[in-house]
Amino acid sequence: MIRIAVLGAGRIGRIHAANAAANPRCRLVAVADVVAEAAASLANSTGCEAASDPAATLARADIDAVVIGTPTDTHVALLLEAARRGKAVLCEKPVDLDIRKVADAEAEIARLGARVMVAFNRRFDPGMAAVHRAIAAGAIGTVRQVVITSRDPAPPPLSYIASSGGIFRDMTIHDFDLARWLLGEEPREVFATASTLVDPAIGAAGDFDTLMVLMRTASGRQCHINNSRQCAYGYDQRIEVFGAAGMLLNDNLRPSTLRRYNVDETEAREPLLNFFLERYAEAYRLELDAFLAAIEGGTAMPLTVEDGRRALRLADAALASAASGRTVTV
Amino acid sequence: MIRIAVLGAGRIGRIHAANAAANPRCRLVAVADVVAEAAASLANSTGCEAASDPAATLARADIDAVVIGTPTDTHVALLLEAARRGKAVLCEKPVDLDIRKVADAEAEIARLGARVMVAFNRRFDPGMAAVHRAIAAGAIGTVRQVVITSRDPAPPPLSYIASSGGIFRDMTIHDFDLARWLLGEEPREVFATASTLVDPAIGAAGDFDTLMVLMRTASGRQCHINNSRQCAYGYDQRIEVFGAAGMLLNDNLRPSTLRRYNVDETEAREPLLNFFLERYAEAYRLELDAFLAAIEGGTAMPLTVEDGRRALRLADAALASAASGRTVTV
Amino acid sequence: MIRIAVLGAGRIGRIHAANAAANPRCRLVAVADVVAEAAASLANSTGCEAASDPAATLARADIDAVVIGTPTDTHVALLLEAARRGKAVLCEKPVDLDIRKVADAEAEIARLGARVMVAFNRRFDPGMAAVHRAIAAGAIGTVRQVVITSRDPAPPPLSYIASSGGIFRDMTIHDFDLARWLLGEEPREVFATASTLVDPAIGAAGDFDTLMVLMRTASGRQCHINNSRQCAYGYDQRIEVFGAAGMLLNDNLRPSTLRRYNVDETEAREPLLNFFLERYAEAYRLELDAFLAAIEGGTAMPLTVEDGRRALRLADAALASAASGRTVTV
Amino acid sequence: MIRIAVLGAGRIGRIHAANAAANPRCRLVAVADVVAEAAASLANSTGCEAASDPAATLARADIDAVVIGTPTDTHVALLLEAARRGKAVLCEKPVDLDIRKVADAEAEIARLGARVMVAFNRRFDPGMAAVHRAIAAGAIGTVRQVVITSRDPAPPPLSYIASSGGIFRDMTIHDFDLARWLLGEEPREVFATASTLVDPAIGAAGDFDTLMVLMRTASGRQCHINNSRQCAYGYDQRIEVFGAAGMLLNDNLRPSTLRRYNVDETEAREPLLNFFLERYAEAYRLELDAFLAAIEGGTAMPLTVEDGRRALRLADAALASAASGRTVTV
């Protein structure tokens, strides 16, 4: 049984620790966070040890694998330390906001032959995965167009935005990863337009809150992404893949399948699940399980630092395009 | 080109006259109604002659076919007069409220070799017809259960109810016809329960406004019908056919395909089309066309007085069952 | 923290044990089954003690509550033994197939002042519960008609059918409970018709596989239930509640929200979740949680043996009606 | 009653003539086409006169209004001739492929004070109109993003493509008009990317068959359009409007509301209506009616040559952008 530790006891660390505690492939040994009370509380609810020094936890011989859910600027150092110590790593996205640091980490991981998975949770959502399987099974022939909609229910605090790397690197990065995965080819041309329609303070902080992206691959396949930092009806997460022989859609999730009819309306359903912890609860479980299964089976990690770097490269290109009004070639 | 007259210039007569005027298989020659102004108005808008004596109109040599949309108690006499004069007849439902009169008419029509179609419009609705075609094509294997929902938006005037023959003969009769058609076998056992939940005045008039029916065929196939004389969200018209290999559903129609999302709801659609003239507009067009096509092609009428009699027999049985609390065998 | 034991390590016992192990309100102390290996295997996967004598487990002082998931014919004896020892009880349905035994148990529980909950899992399904809440909130005004569809994907083994008490007591009993809950009034009149359309061997065993029920309450509210022991597209579980001001529907669950478009079809979704362990996974979790919350809070059990008895009474009435062709008054 | 003539007896002329014949606001006097047999056939089926010289028809004193459905390169001359003779004009899109000719015609119409409507049929589709009304009623607050999907079932003949002005001017022009209408502001920045993924012969003819567009208005509102000349599941016509308080969607139309369940799938619906004559049949009826109502009421035409020019300007900009890889400012 794989012995695992979770680094970081914040929102995302708690998700991973609870999933690790419940997963029969692993035993959760410890959670570590520099905020000792956070680590203690999470350790208590998941029945494992608490630690306040993530780096020291990496030194333990009784740990085979780690999940890194600490702040972004600590990812690379922890990831490489874990890799050097021979631990398998599941690292939260983004690996880093600076693509050179990501590329350097990627090279070092390759040199070490380390096993590192980057956590793009959406690929493990049952609906997203069903779309990808159907494409692979030839259900719609050659892919021609991909449309990705991703709208958050409400903007994060301005303090978060300041350190987020901007909406393209923080939010759209998930969609760039989905785009690569669904297109089946690397985007070569990136164009983006971005506005501040939700909150002028976001613009004042140098960021955008409403954007649209177009991308094209070498063979001419096309992808559209739209994002908003605010959405009245919940967390809107949809994909559409159009191919020569058909189309695949993945719709949103709601608390239940209730439908309401009255004098004003029919077929009315509840607002969407809100927010990512609820919407992607199953995806997080399956993501961890895929990581553990790859360790158990000695197979390739389903997502690597290369995937993290390529998504970040598209985010950087989109940001540059939004500034210049020109296509950026990747 | 078939020369046609419409008898009756009320609500249903106006529908048939407009459809006849637009159908390329026929020429609308005249509309007749004892209310001369009604006939004149309808004749003016459809570009044909007006007459105030329906029976006299049947005597015209320049008419090949008639649609009977006069009050129910005049149907049999007009139908037989038309049949004797060799006109093809499309007669509105019900043929009569007294099953003996219907059976006598059926026998006389057979003796004359006349061509008479009874107007159960729902069989011609594109969705209902698509269900029937799919059953015939084997899409769901052997039919096992049929569920029919039919709810009117609002009750008719009490004066109408008094002469309607009661809800089973007036409203459920459409569902009895659909049941026979979709089950593919004659119902042998009929059970019904009925209440007055919408308006006590309907109960005081000796009728019901809310009912449920169960029926079973000789081979054990089952059918449920539910009716209500009032429905907040519009005219609810659904069918479900469950078979050994699947299920077919036919949903309602709305003014458009608009869907609305806001902070309270998602996927909200408009209330249903309201009422039968709008909901079954296409069915009425296709019904008349099927009548005309049968005349043109010399083929069998798609619905006959036998169908009218069998549906009425089920209505009579349901009424008796609601009174006795027992299954009535047909 | 409530200390709990699960009696029975079969299909349903495993569900309850896993949920108990994961529920923060309780600690799973032991699982007991006369098949020692079954108990051992389940104890191992849930991290608790194994026992081979359910009755002896009830004698332990370190247990506050028990879930009874043993064979039906052992329910009453275990339930009463637990009640006498002051344990809170969650008993799987049916309490017993003999309504006199259920009524006697109900009386004894009342005499003891014991806390016993009967497990009708569907009331805890998020969609079913959302419908019930919306009715209570007045979303559709006075309830007039309820339609319940319940179709199993495939019939159970004939050996199971022989000891099941028949389809009305084994399968429809869930729908009778839902009907009482959704109608908001007790059904007074019960009518049923039943056939053997799936497998003649089921008929040879004295049971049915396809049925329809009608019920009516004192105020005239109506309910239709349909059941089938076989369903090509999965486990069909739907409810429709029609009221004076609208309608509420609860649809089925599928593995994902994928929709497929191609040259033959649009909007095609996956077959339904199959079978009750998957479809009602969340309901089982919430059911156990409601039981534990009632213990913690000292509040009334959300479902009692009286509910079990009333549902069984309707099942007995439906069986009698199917035999006689007459309404049975309850 | 308005006396009307239809110029052009091709596919679109036949639609307009049939609608004019059925519309109670007008009387169809004549249809004219240089192909005399086409005019004769259409005149026969609609019960009006046939003419072979469209220009001569404009000289008739007994005609108040004309519909121009002749080939594109004849539009401007006929339109101006009709305007000079005081006829009201409904002109099919595009007015012309050369924006200077359109602008000159617009100026001449203004000088004459003529009443000319341009036929962008989609604005009159019940679903599209319902979206627009809901926006105007404030249902979703300020509009932020518009997504328009338009995919033809199959490419036109290469001969058509050669004279079409290219996909942006021929097909996307409808979407540019919808975008202006739904955004509620003029697009200022246009970006487009285009590929040839359906048929290399289309590329060889200098055109594209698969494209995506992004646009932005002065206040930062955004719009995405995607087009394909081939679509396996029918004529895909959807719009999505996302605002500060919600979202509005308009879905496709199908032949019926049939839904199919079997062992492989659930909720499967029929392929989409195919092609524009069927999909927009109601829109064409309502478009003509709006034209006639504006004449009757002496009110402003709902769509003018200015709208035609502005949509063409966006098409020209998109074409330039697809060639340069840069945003084109309008």
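Letters are used for the chains, namely A, B, C and D, taken in the order the chains are written, and counting of residues starts over at 1 for each.
Heads up, the rule we're going with is that contacts are C-beta pairs under 8 Å (C-beta built on N, C-alpha and C of every residue); 3 or more make two chains touch, one makes a residue touch a chain.
Nothing here was measured: the structure is a model prediction, and the numbers come from that model.
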- Task: Looking only at C-beta pairs in contact, point me to the busier pair out of A-B and B-D.
- Result: B-D
- Item | Label of the chain whose CA centroid is most distant from the centroid of chain D | C
- Between chain B and chain D, tell me the centre distance in angstrom, where each centre is the average of that chain's C-alpha atoms. 39
- Determine the centre-to-centre distance between chain A and chain B, using the mean Cα coordinates as centres, and give it in whole Å. 57
- Note on the structure: Residue numbers in chain C touching two or more further chains are 140, 232-233, 245-247, 252, 259-263, 270
- Message: So in the complex, the part of chain A that touches chain D is made up of which residues?
- Response: 140-142, 144-145, 147, 149, 151, 189, 191, 193, 195-198, 210-212, 214, 216, 219-224, 226, 228, 230-233, 236, 242-247, 325-327
- In the complex, chain A touches chain B at residues 232-234, 252, 254, 259-272
- Query: In their shared complex, at which residues does chain D touch chain B?
  - Reply: 22, 24, 45, 125-127, 129-131, 134, 139-140, 245-253, 255-263, 270
